[in-house]
C-alpha cells in the first residue's frame, strides 16, 4: 500500500517535472533579488581599464558619454551607463558631454540623469551638457569630432550651445579627454574611426554580450582602453564604485540560475544513465 | 574611392571580390542545375534524416488523428537577411501540405508576417485542390494569421500547440528569440518536432528541443531536395563546389599567411 | 507610471507566466489581448507609414514636380493590387506586388550574406599556420565545411572530415546555447525585479493562491472520478 | 495554363533582383537612387499586406463570436483590444502621444518582455530533458555548454579561475570553426535558393503551383 503510494507520488512528480523546475528557477531568481547574497564577482581587466582611466581624470578633463540605448538593449547596457555616469559625477571638475545616437536614447539619458540627481549635484551647462540626438550615424560623429559647434546649435533642452559656458572650451575631438560609447551596434567602430584614428582621443565601450567578441580584438590591439561587458560588466563596475545596484543584485541571481542549469543537466544525465543500466539488467 | 574600369562602368571598390565570387558560385550552381535538367548528370544527394522524419511524422499524425502544425517563421519576404530562409520554409511547406493532405492529416499553419500570409494560403489551398479535397480547406482556420509582432505571434502559436495538441510541429524559416519557447512547448505537448533555421543564435535551441533539425544550409538543401521538380537537386552539387572553393581558399590563404604573404586576403578585399 | 498601469501590466505578466503551470483561461485571455494589441499596433504603424513615407511624398511631389516623389504612386498601387488575392480569377495580379518585395528581399540577402558571411569569414579564417591553435582552427573549419557537402561521392572522398565537422558543430551548438543564457536571464531578472516591487508584489500571492486552489480542486476531482 | 500576370510577376522579380544586385557593385547615382527607392517601396507594399492579415484574423474571430463557438469570449477580448489600439492611434494621430504611449507601455511592452524572459524557464526544462549524453556528439554539446556557463556566470571564476579559461577555449574554437562554417554555408545556400527563385526555377515562393 505504502510503496504503491510512493510510486504514484514519484510518478506524478516525474510527470510534473517541468512545473517543479519552473518553480525552482523562480525561487532561485527571486531570493537574491529580495535579499542580495553578495556572492563574489571577479573583476575583469577590461572593466578595470575603464574604472582606472576615469579614476585618474583631473579637473578640466572632458568625458564624452555616447549612448545608443533603447528598449532592446537597456536591460544589459543601461546599468553600465548609470554606474559609469555616477563615477564621473563623483569626480570634481570633470566635464561631461552626453550625446545620443538613436532617437530613443535621449529619454534614457535623461532618465539616468534624474535617477542620479545630476541636476542637483552639478550645474547644467558648466559641469555637464546633454547634446541629444545626433543624426547621420558615422558622418554625424565625424561632424562633432571635426567641429561640434558648426554641426549642433542647440542642446537637448533647447539652450544654444554658445550660451553654455562649458561648451566654450570644447570645440572638437582634441578637446575630448575620453569617449565611452554605450551601444550594441556598429556605432562602436564609428567612434574608433572618427575620434581615435584621426585625433587620438581614447575610446572605451559598454556593450551587450553578443558584441563583445568583436571589441576584444580592439582591446588587445590597444586601440580602446576598456570594455564593460553586458550586465556582468555593469555589476563589476557597481562593485568597483561601491554602489551595488540592480546589476550586482542580478549577478547573484545569474550565478545561482547558472548553477541550477548545470545541476539540472547533471541530474538529468544521472537519471538517464541509472535508468539505462536498470533497463540493461 | 572608385576603381576605374575601361568599359566606362565604375565599380565600387571592395566589391570586386563579391562580384567574382557571386559569378563563380552562380555558374557552378547553374551548370549542374542545367546538367541535371538535361539528365546528363544524376545527382546522388545525401538524404538528411529530417526528410524521412517528415514523412514518418505525418504518418504518425494520421494514426493519432491529430493535426500537423507548421510555422514558416517570423521574417517577411522582403527581409534583408532572411528572405531566402522564409522562401525555403514556404517550399518545404508545399511538400508538407501535399503530403499531409494526401495521407489525410489536418494541417494548421500559423503565420506571422502579413506578406507571407497570401503565399501560405495559396500553397496549402493548392495542396487541398490537387489532392481533390478542396472542401476540407477552411479559410482562416487552416492557415491562421496570428500577429506580425514577434510576441503576439508566439503567444498565439503556443496557444494553438496547447489546445490542438498536434502530433507534429514543424518550425522552419527564421525564428528569433521565440524559438525556444515554441519548441519547448511543442515538446511538452508531445509533438514530434522538426525544425530548421538560418538564424545562428537560435539553432542551438532547436537542436536541444527538437527531434530533427535542419542546421543552416541543410534547410536550403532540404528545400531543393523536396522541390516538386527533382532536377532542382542539381543545384546542391553546385553548392558543394562553392564550399570546396571556400575550403581551398582558406587553405591557400593560411599557407601563404604562414610565410607572411597576405595576397589572398588582399584579393578578397578588392 | 501610475498605479493602474502597474497593476494592469502586472496582472498581464502573471497571466502569461501562468502558462508555466498549465494551459488556462487566464493565459488564453492574455494571449488574445496581446494578439489584438499587437495587430492593432501594427495597423496603426502601417497606416502612418503609408501616410508619412508614401502619401505625403507623393502629394509634395505633385506640388513640386519631383518625379522621384511622384513615383511613390507605384508602391501604393502595388499595395492595393495585393488585394486581388481575394479574386479567384485575377489572383495572379497580386503576385506582381509579391514579386517586387521578394526580389528586393532576395537580392539584399544575397548581397549581404555573400559579402559578410562568405567573403568576410573566409578572409577571417586565413590564419598563419604557426601555432597549434591556428592549425586546429583551419582544419576544423574545413571539416565543418565538408560536413555540409551533400553529394554522396564527394562526401565520401572527404573521409573522416565530415564526422569531425559534425562533432565541432555540436560543440558550437553547446557553446552558443550556453552563451545566450545570460542575456535571457537578464531579461527575466528585470521582469521579476518590477514584479517584486510594491504594488505589483501584492498580486503574486493572489496568483499563487489561485494555482493552489486549482491544484486542490483537480486532485479532488481526480480522486472522485477514481472512486 | 500559366497566366500572363504570373509570367509578368516572374519577369518583374528578375528585373528588381538584378537591379539591386548590380547596384551593389556598380557606382552609378541613378542606379543607387532606384535601388534605395525599391527598398522603400517594398516596405510600403508590405504595409498594405497588413490588411490581408487583419481581414483574415477579423473574419475568423467574428465567425467564432457569431456562432458562439468554443472560447468566443476570448475573441471579443481580442477584437476589443485591437479596437482600443486603433481608436487611440487614429484619434491622437500619432504613436508617440501620451495616451498611445500609455496603452503601449501597459499592454504590449510588459507582455513582450515577459514572453522574452520566459526563455529562461524553457531553457531550464530543456537542460533537464534534452541534454542527455546519449552519444559522443551529445556529450560534447553538453560539456561545451557547461564550461561556457561557468565562463559567463561570475560564480565560475570564483570556484576556480581555470574554469572560465577552459570555457574561453571552447568558445574560441566554436567561433573559429563551427560558427564560421555555418555562416559560410548560409551565404552559399542563400545564393543557391535566390538564384533558383530569381530565374523562376523554384516557383513556390511566388505562391503555389499554377492553376
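In this document, chain identifiers A, B, C and D correspond to the written order of the chains, with residue numbering beginning at 1 in each.
One rule holds in what follows: a residue touches a chain if its C-beta (ideal position, glycine included) is under 8 Å from a C-beta of that chain, and two chains touch if they have at least 3 such contacts.
It should be emphasised that the depicted structure is a prediction, and the values quoted were computed from it without experimental measurement.
Fewest steps needed to get from subunit A to subunit B, stepping only to touching chains, is 2. Taking each chain's centre as the mean of its C-alpha atoms, the one that lies farthest from the centre of subunit B is A. Top contact pair of chains, counted by C-beta pairs, is C-D. For the pair subunit A and subunit D, the distance between mean C-alpha positions equals 26 Å.
Computed from the mean C-alpha positions, the centre of subunit B lies at a distance of 13 Å from the centre of subunit D. Each chain gets a centre from the mean of its Cα atoms; for subunit C and subunit D, those two points are 3 Å apart. Those residues of subunit D in touch with two or more other chains are numbered 21, 24, 42-43, 46, 49-53, 57, 108-109, 111-112, 115-116, 118-121, 123, 125, 127, 129, 131, 141-142, 145-146, 149, 152-153, 175, 179, 182-186, 188, 190-191, 194, 197, 205-207.
Shown for subunit C are the residues in touch with two or more other chains, namely 16, 19-20, 28, 30-31, 34-35, 37-39, 41-42, 82, 85, 98, 101-102, 104-106, 108-111, 113-115, 118, 122, 125, 141, 145, 148, 169-170, 173-174, 176-177, 179, 181-182, 184-185, 187-188, 190. Residue positions of subunit B touching 2 or more other chains: 15, 18, 22, 25, 76-78, 83-84, 86-87, 115, 118-119, 122, 146, 148-149, 151, 155, 177, 188, 200-201, 203, 205, 207-208, 215-217, 221, 236, 239, 243, 246.
Arrangement of the chains shown, judged by which pairs touch: an irregular graph that fits none of the line, ring, star or complete shapes. Shown are all chain pairs that touch, namely A-C, A-D, B-C, B-D, C-D. The residues of subunit B lying in touch with subunit D in their complex are 2, 9-12, 15-16, 18-19, 22, 25-26, 29-30, 33, 76-78, 83-88, 90-91, 93-94, 111, 114-115, 117-119, 122-123, 125-126, 129-130, 139-141, 143-146, 148-151, 154-155, 177-178, 180-181, 183-185, 187-188, 198, 200, 203, 205, 207-209, 215-217, 219-221, 223-224, 227-229, 232, 235-236, 238-239, 242-243, 246.
Of all the residues in subunit A, the ones that touch subunit D in their complex are 17-18, 21-22, 24-26, 29, 39-42, 71, 209, 213, 232, 235, 251, 254-262, 264-265, 267-269, 272-273. Remark: subunit B residues 15, 17-18, 21-22, 25, 43-46, 76-84, 86-87, 115, 118-119, 121-122, 146-149, 151-152, 155-156, 158-159, 162-163, 177, 200-201, 203-205, 207-208, 215-218, 221, 236-237, 239-240, 243-244, 246-247, 249-251, 253-258, 260, 262, 264-265, 268-269 touch subunit C in the complex.
Across the interface of their complex, subunit C is touched by residues 3-6, 8-10, 12-21, 24, 33, 37-54, 57, 71, 74-75, 77-86, 89-90, 94-95, 100, 102-121, 123, 136-138, 140-149, 152-153, 170-188, 190-191, 194, 197-198, 205-207 of subunit D. Those residues of subunit A whose C-beta lies close enough to touch subunit C in the complex are 18-19, 22, 26, 29-30, 33-34, 75-76, 208-210, 230-232, 246, 249-250, 253-254, 257-258, 261.
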